[in-house]
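In what comes next, chain A is part of two complexes: it sits with chain B in the first one and with chain C in the second one.
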Partner chain A sequence: MNILGISAHYHDSAAALVVDGVPICAVQEERLSRHKGDAAFPLLAIEWCLQNARIEPDDLDAVVFYERPMLKFDRVLTCALRAFPQSWRAFPKAMKNLLGEKVWMRGIISSQLGVPGRKVLFTEHHQAHAAAAFLTAPTRRAAIMTADAVGEWATLSVGDGERGSNGTTKIRRFREIRFPHSLGMLYSTFTAYLGFKVNEDEYKVMGLAAYGKPTMVEQVRKLICRTPDGAFALDLSYFEFHTTAKRSYSPRFAELFGPPRNPYEPIDLDTAEGQRFADCAASVQRVLEDTLVELARTLHQETGLADLCFGGGVALNGVANARLLAESGFERIFVPPAPGDAGCAMGAALYCDRIHFGNPDRDLPDHPFWGPSVDGSELARIAQEDGHHVETLRDSALIEQTADDLAANRIVGWMEGALEFGPRALGHRSILTAPRTTEMRDRLNREIKYREPFRPFAPVVPTDVAGRYFDIPRGGTRLARFMSGVFPVRPEWKSQLQAITHVDGTARVQVLDPAMAPRLHALLEAYGQRTGIPVLLNTSFNLAGEPIVNRAVEGYSTFLRSKIDVLVAGGTRVTKRSSAVGSTEAERIREEVA
Partner chain B sequence: MIKTRGKTRRGLIVFGSTFGSMAQLARGLWQSDSDKRWLTPLAVFLCVTGLLLILGTAVEALAPFIYSIW
Partner chain C sequence: MDSPRPHERPTAFDRMLTPVHRWIWSDTNRRVQKLLRFGETETDGGRDILRAAEVTSDPLLRRLYLEHAIDEFRHGILFRHRAAELLRVSRSHSNIGFQGDWLAPGGHGLDDLQVDGESDQTMLAFLHLSEKAAASRFCIYRDVMQHDPPTRAIFEEILHDETFHMNYTLTQLARVEPQQHKRHLWRARLSRLWKAYLRLATSLAAILGSILLTIQYFVLLPPFAWMAKRAAHRESAGWTAVSPTSSDSLNRQY
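Moving on to the complex of A and B:
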């Protein structure tokens, strides 16, 4: 049975293909269209999925959209009427936006793919999140929590899931919190207030939070209060996201927290104003964590289960995830590599397979690499045409050579195998470098990533030695598999891991199993042999404002436009004409390091 | 390989599918337990408006007539 899952029209559209109950491929539209956060109908992603699986649209048994557009329309209409007269300006725009296209998804999918309308199915948004979190996790029974800005009506849901021994799958929802009361919207409102892009830059608020003190927690708690039934409610007088598309917060919000940040002015943490923004970020982060922990603790007491599967955009908050693990009572927390809306494409397809069609449960591959593969020969061809130094090496030689480069403080663009599905670069499209000094962090920020200095970089470390360098609690390894948890760097290693140690002494660490990315694992070991510390700085292979690279040519373009020293794709290694490092030079470095 | 269809053809397919979606919405609102029956006529009216928008976009020859409604 061939099932295509689609997420689109909000942000980060994607397609995923499930064949006979197992995902075959999945990719975000932005990786192919090269428009960051592309929300368009993911025609390129669908086309690639079908081509990759060698099937035609006629061969699809179902195409599943990740939300119910009519239910969303119901929500928009109801909320607009509730908020009248404040909503009168936004109402025509919202209606035109929805009714001009988005609500007619059955027809749009049918017209774009040529599949009959009866094959087009819908899941609820949070069902898709729940399925993406639970059905991809290696657990038989788990509590499920999903939290994001908003789906149709739900903004947060709790329930449980069970994969029975007879092959049946159950996903139950106990209860949900509905729009406009939303943890995601609360966090996004602060994202907007702090001058960052909503739905894109929430991670910057998390990074900034480490520089501040939660001195405004009491003010934030005025915005969100707990209700007697264990849920929460926002005080809507502080918000405007439910009445207008122009601004998320009301004048009352600005009265409470002070003037908002001008997005065009950098945050100077040495000034009182900069520190106020950092304190704001720290305060909302604290309230978000506290609320999630309380909700999860209740869910744990209710289900008595050891595992929690956590999905939705809020699950990208690694600091909150680590606190959930430490304080909620759950022993393991599973966050999928794509917990946001893109991952709903896969969730919707899996939900349809297991629940709608009742197909038997399958164990799924536990990795994030579902996208197009990189072609090293393509890189060799274009780099040779441009006269750069190109080598095609065997695996072992390439790893030794790259370890030499890294040990000599070179910055390496690393592309191998299939592209990651989700926002994190987990070792197949990464920029790798030595994690030792703050100079390296500053160089990366200044010369390659062109980003705010307060944002941290993440490390990657082999699973078996992760505990030596990072204080990873029991169950934390699972969270760190897809870089979903933030854990302390052990004090004795901080001075040698300066580039990846955030200001609060933590790191969003990725622990790597050899089975998941064998070449990167071998590279870590080779680098460890040279330097004594098998830890590398691993950041996504892209420049500011661009999506993560997909094909070799995109990696090559990024390599040329930045100060990346070495580019590796498959078995091909490229160095720039001006800085080509020949084998003699590599030997000298090896000697130096030894 | 996905077959590329013309804009008009795609628009007409979307148009043809709208009636089922509208009926689904109306049924959902009518049967909703949160007493939203009163919303049904407004929702259907808005959907018909959206439907005209689609028709206007898909069949450009009709656009002047449709836009003249407003």
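Moving on to the complex of A and C:
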């Protein structure tokens, strides 16, 4: 049975294909279209999935969209009505936006793919989040919590899931919190207030929080209060996201927290103003964590289960995840590699397979590598044409050579196998460097990632030795598998792991099982043999504002535009031709024409 | 018109609009907003051209496109930095209303050209035309910027690059298509015109749509708004129970 899952139109469109109960491939549209956060209908992703699996649209048994369009329309319309007459500006925009395309998903999918309308199905948004979190996790029974900005109406839901011994699967949602009361929206409002991009830069708020003190928790608690039944509600007089698309916070919010940050000015943490922004970030982070912990604790008491599957965009907050693990009572927390809306494509397809069609339960591969594979020979060809140094090496030689490069403080662009599904580079499209010095961190920030100096970098370490360098609690290894938790760096190693130790002494560590990415694992060991510490800095292979690279040629163009020293794709290793070797024809033309 | 080595020279149309441009650029707020917008279009243009570098099979074009893309990214940064500087000096945060975008458009953009799957000839023809148009406008902008030497210097610097872009795209077009490059240029020119018309038509339609919807909003919605507000008052915050049957059918869209 072939089921295609689609998520689109909010952020990060994606497609995923499930064949006979097992994911075959999945990819975000942005990785193919090369537009970061591409929210368009994911035609390229769908085409690639079908081609890759050699399936014609006719062979699809179902195409599942990750939310119910009419229910979403209902929410948008209702909110416009409730905000009458303030919503008069937002109303025409919202209606044109929805009525233009988004409401007619059955027709659009059916005409774009040429499948009959009856094969087009819909899950609820949070159902898809729940399925993505639970059905991909190696657990048979777990509590499930999902939290994001908003789906149709729900913004947070709790429930449980069970994979029975007879092959049946159950996913139940007990209850949900509805728009406009939303943890995701609360966090996004601060993201906007702090001058970052909403739906994209939330992790910057988390990074900035480490520099501040939660001195404004009381003010934040004015914005979000607990309801008697244990849920929460936002005080809407501080917000405007529900009435206008223009601004997410109200003048009252700015009165409470002071003037918002000008996005075009860098944050200077040495000034009182910069510190205020860091304190704001720390305060909202604290309140987010506290709220999640309390909700999860109740859920733990209610279900008595040891495992929690956590999905939705809020589950990208690694600091909160670590606190959930420490304080909620759950022993293990499973966050999928793509907990956000992109992952809903896979969640919707799996939900449809297990619940709608009632197909038997299957154990699923436990990795994030569902995208297109990289072709080292493509890199070799183009780099040779451009006159760069190209070597094609056997695996072992390549790993030894790359370990030498890293030990010599070279920055390595590392591409292998299938692209990651989800926002994190987990070792198949990564920039790797030595983790030792702050100089390396600054060099990366300045010369490659062009990003704010307060942003931390993540380390990758083999599972069996992770505990030596990082203080990972029981159950934390699971969170760290897909870089979903932030844990302390052991004090005795901090001085040798400066580039990946955040200002508060933590790191968003990835622990690597050899089975998940054998070559990267071998590289870590080879690097460890040379330096004594098998830990590497692992950051996503992209430049600021661009999606993570997919094909070799994209890695190559990124390599040429930045100060990455070595590029590896498959078995091909490339270093830059030194500029002293005479000018290329392109440079000659430039001089001549200009 | 398509001499082998054209240099930056404003078109008659752009020259005619000089007083308008002078007015648009005279106000600091407006200048800031326009520079920010230009920063975005240059960066977007850079992305498109980078994509062209990634998809072309012609090694020389790949190198030229790459350099071109790097230039555009740099232009984006120059514009953004200048805008930030002006912002700091003027301390203005305000979002001013009229920016005259259609009167004083920015740099590049390939007119929604899908870079993937376009031939080198089409790409080069489009690029040449849009670089030429940008060079013409930037020339005017530089000339009306006497009162702001740093911004003027930026336009000067960028103009130099645009001239290179405009020239290499033409010479490369002549190289890859020695016989028919003029025809490609004409085709690109027509296509740009058609797209400009489409843009105009869709924005007109959008304005009309907005007007109609706004009228409906005030005429039809008030009673429903009243009911929705009443319903909202009755709604209690907190948990909403999810009934087990609410979501069992995947056929439903609501």
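As a working rule, the second predicted complex is superposed on the first by the 578 of 594 C-alpha atoms of A that agree within 3 Å, B and C clash if a C-alpha of one lies under 4 Å from a C-alpha of the other, contacts with A are read in each partner's own complex, and residues count from 1 in each chain.
As a convention for this text, a residue touches a chain if its C-beta (ideal position, glycine included) is under 8 Å from a C-beta of that chain, and two chains touch if they have at least 3 such contacts.
None of the values given here were measured: they were computed from a predicted structure.
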Clash or fit, chain B versus chain C on superposed chain A: fit
Touched partner set for A:E554, first chain B, second chain C, both or neither: second
Which superposed partner A:L43 touches (first chain B, second chain C, both, neither): first
First, second, both or neither for A:S111, with chain B first and chain C second: first
Partner, of chain C and chain B, that touches more residues belonging to chain A: C
Contacts of A:S165 with chain B and chain C, given as first, second, both or neither: neither
First, second, both or neither for A:D74, with chain B first and chain C second: both
Which of chain B and chain C A:P57 touches, first, second, both or neither: first
After the two structures are overlaid on chain A, angle v-u-w for chain B, chain A, chain C in degrees (C-alpha centres, nearest 10): 60
Distance in angstrom between the closest Cα atoms of chain C and chain B, superposition on A: 5
Contacts on chain A seen with chain B and repeated with chain C across the two complexes: 69-71, 74, 78, 81, 95-96, 106
Complex contact set, residues of chain A against chain B: 43, 46-47, 50-51, 56-57, 69-71, 73-74, 77-78, 81, 95-96, 98-101, 103-104, 106-108, 110-114, 117
Touch list for chain C against partner chain A, complex: 5, 36, 43, 47, 50-51, 53-55, 59-60, 62-64, 66-67, 69-70, 73, 80, 83-84, 87-88, 93, 160, 163-164, 167-168, 171, 206, 209-210, 213-214, 217-218, 221-222, 224-225, 227-229, 232, 236-242, 244, 247, 250-254
Chain A - residues contacting chain C, complex: 34-35, 64, 68-71, 74, 78, 80-82, 84-85, 88, 91-93, 95-96, 105-106, 118, 121-124, 127, 157, 159, 172-178, 181, 227-233, 262, 264-265, 351-352, 356, 382, 385-386, 545-546, 551, 553-554, 557, 560-561, 584-587, 589-590, 593-594
List of chain B residues in touch with chain A within their complex: 1-3, 5, 9-11, 13-18, 20-21, 24-25, 28-29, 36, 39, 42-43, 46-47, 49-51, 53-54, 57
